[in-house]
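To keep things simple, chains are lettered A, B, C, D, E and F as they appear, and every chain counts its residues starting from 1.
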Amino acid sequence: MKFTIVVQADPLASQGSETALRFTRAALAAGHQIMRIFFYSEGVHSANRLALAPQDEACVPDQWQQLISEHQLDAVVCIAAAVRRGVVNETETRRYGKTGSSLIDSAELSGLGQLIAASVDSDRVVTFGGHR
Amino acid sequence: MSDRTLHTLNRGPQSLSLFGSMRDAISPRDSLLLIEDGVYWATAAYAEMLAGLNCDKIYQLAADADARGIQSDRIEPVDDAGFVSLTVSHQRTLSWF
Amino acid sequence: MSRLLIISRQAPYGSSAAREALELALAGALFDQQVSLLLLDDAVFQLVAGQNPAAIQQKNHGAMLQSLPMYDVENLYASERSLNERGLEPSDLILPVKSLSTAEIQKLISEQDKVFHV
Amino acid sequence: MSDRTLHTLNRGPQSLSLFGSMRDAISPRDSLLLIEDGVYWATAAYAEMLAGLNCDKIYQLAADADARGIQSDRIEPVDDAGFVSLTVSHQRTLSWF
Amino acid sequence: MSRLLIISRQAPYGSSAAREALELALAGALFDQQVSLLLLDDAVFQLVAGQNPAAIQQKNHGAMLQSLPMYDVENLYASERSLNERGLEPSDLILPVKSLSTAEIQKLISEQDKVFHV
Amino acid sequence: MKFTIVVQADPLASQGSETALRFTRAALAAGHQIMRIFFYSEGVHSANRLALAPQDEACVPDQWQQLISEHQLDAVVCIAAAVRRGVVNETETRRYGKTGSSLIDSAELSGLGQLIAASVDSDRVVTFGGHR
């Protein structure tokens, strides 16, 4: 089956981003196709490459980066949600007169239309939420 | 295949209104999967509230129950592969958080 | 055309959740899908008339909700129980909303292709 | 000066267990300031619950009530300067969120 | 020496809140303050014996709680109501905790110099 | 009076960081002394200089940067909470073998002891929390 995975959980404030990682690995292992991973709301923090974890702890953005690269998955970070939260690439920071970047290499910034399009083309959409 | 929704719930008993909205939304053919802090609903103190849900089956994510020291013989555990299977066997998933 | 339901459970202003639910609903409509928005629990406060968030530097959420029909988000629903518990009458609301019983909420969900909760 | 705590509450009525813990913790000489989504507790539907609090005075942050279209004659509004004054006139502040 | 109370309302693992409350309590004790930790609502689940978070890649929260007395965080309290509602008995818990009535919670708060909620 | 301000709210997910800004301005206007502003938990995102807001919206980290600079306030971001969330300076990213920085100029990374010390020295501690 074709899946769209929606990550809305802050990777520190909530467990949801880690649950989504495990779910995605299990779906791939079962032979399913991941159409797109879409990071929205606080989930965009899951795509911040500047997140640093002590050696004995899991670094969620590094794990997403690895999983996405290894399986060449399509990963989109909601641009409106991300730029407001400081998850940005050089193009965006320059546009706002700042410098620097924080987005993981394996994901791209784009609009909510990318979530709608993937959802419509998928058999299943599974959302991993955080705390509200 | 009959039309069924898989509901997931990731918050514990202090999120009572979340549980209430989920209870309103769940249908007799639907299933519920307790994940993350949601597994605390599987403890004995909340057995009556779970029994009051007008749904088909209730599951809990095993890794989350183990992490929290929750032992519940009444609620069927599933692993990550089982979670994926449940999303396949239900037409849609609704995540409560 | 897919039937997409967006569920919101949060009040406006206190978090970005209400706004992000609205933006997803708009995106669905702009991509020509059949979008419904369902407000549960404190999300029904999004409908309260007379919002004036100038002093807290935010955009008027009520006005954003009012613009939904213009973008073809025609189906705006709210939980009857959530409205009643909060004492909200139709005259308190900034736009008309279809008030749903639990049976109607269940039916609405069962008719969707995909359900989002933001 | 008598010993008093200022409690702030920033979540709305769906956070019922938060309200319950605040109710357990508030003392007769304490005050409560409703802020952010907490101002929804000032609406008529929750008048009885607020009246049931065993505390001294209840206030609401004016900018937050205005933003949300909440009109409540029964709950005294304070502006940001008033918020600061309340933290001064109480020995400690306890934030519920 | 100041009397500092740290209040936690969250279960372990589902968020970082429980852990961050504990770390603040430890910091207070390391800086020689008189620290108390009060667990309310789902935070009493932090006390449950037999936690095994290896499969979710997190550190054992129960073991961290058990280490508190070694760092001179001697005062560990929990709401009696929260424990009772969740059916938690002393034998279910990983370490002894002082169970407080509402009157005792109010008294504890009134005795503090500063109160934190994490 | 001497105040310590504790910001634990994510500036997007919650309103608390903006309420803290208004409270701090009002306390300064009333002649009070701000001993320290301490960013903890999700509040550390309030100190992410890469956060970008459209022109008609408030950018909370920019507002903190401005307020702290203008009044030369002492602002500390909990280092343990911040590095895990990608709010970092060059020293930290280098330590973890990465590059880049995201911390606002006016704040420094340090430990929870800085919160304890300021709290003990202050007459009042006021916490601005987020959503749990």
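Going forward, a contact is a pair of C-beta atoms (placed from the backbone, for glycine too) under 8 Å apart; a residue touches a chain by one contact, two chains touch by 3 or more.
The structure displayed is predicted, hence computed values, not measured ones.
Shared contacts of subunit C and subunit F, meaning chains that touch the two of them, come down to A, D. With centres computed as the average of Cα coordinates, no chain lies farther from subunit D than A. Comparing the CA-atom centres of all chains against that of subunit C, the greatest distance is found for E. The largest tally of C-beta contacts between two chains is found for A-F. One finds 38 Å separating the Cα centroids of subunit C and subunit E. Between the Cα centres of subunit A and subunit C there is a gap of 25 Å. Taking each chain's centre as the average of its CA atoms, subunit B and subunit E sit 27 Å apart.
Listed for subunit C are residues 9, 13-17, 41, 56, 58, 113-115, 117, each touching two or more other chains.
Of all residues in subunit F, those touching 2 or more other chains are 8, 12-15, 41, 57, 81, 125, 127, 129, 131-132, listed in ascending order. In subunit D, the residues that reach two or more other chains under the touch definition are 10-11, 14, 17-18, 36-37, 63-64, 92-93, 95-97.
Of all possible chain pairings, those that touch are A-B, A-C, A-E, A-F, B-C, B-D, B-E, C-D, C-F, D-E, D-F, E-F.
Against subunit D, in their complex, subunit C makes its touches with residues 9, 11-15, 41-42, 45, 48-56, 58, 62, 85-87. Those residues of subunit A lying in contact with subunit C across their complex are 6, 8, 40-41, 80-81, 111-113, 115-117, 119-120, 122, 125, 127, 129, 132.
Subunit F makes touch with subunit A in their complex at residues 10, 12-13, 41-42, 45, 48-53, 57, 61, 81, 83-88, 92-93, 95-96, 98, 100-102, 131-132. Within the complex, the subunit D residues that touch subunit F are 10-11, 35-37, 61, 63-64, 79-81, 83-85, 87-88, 92-93, 95-97. Subunit E contributes residues 7, 9, 40-41, 79, 81-82, 102, 105-106, 109-110, 112-115, 117 to its touches with subunit D in the complex.
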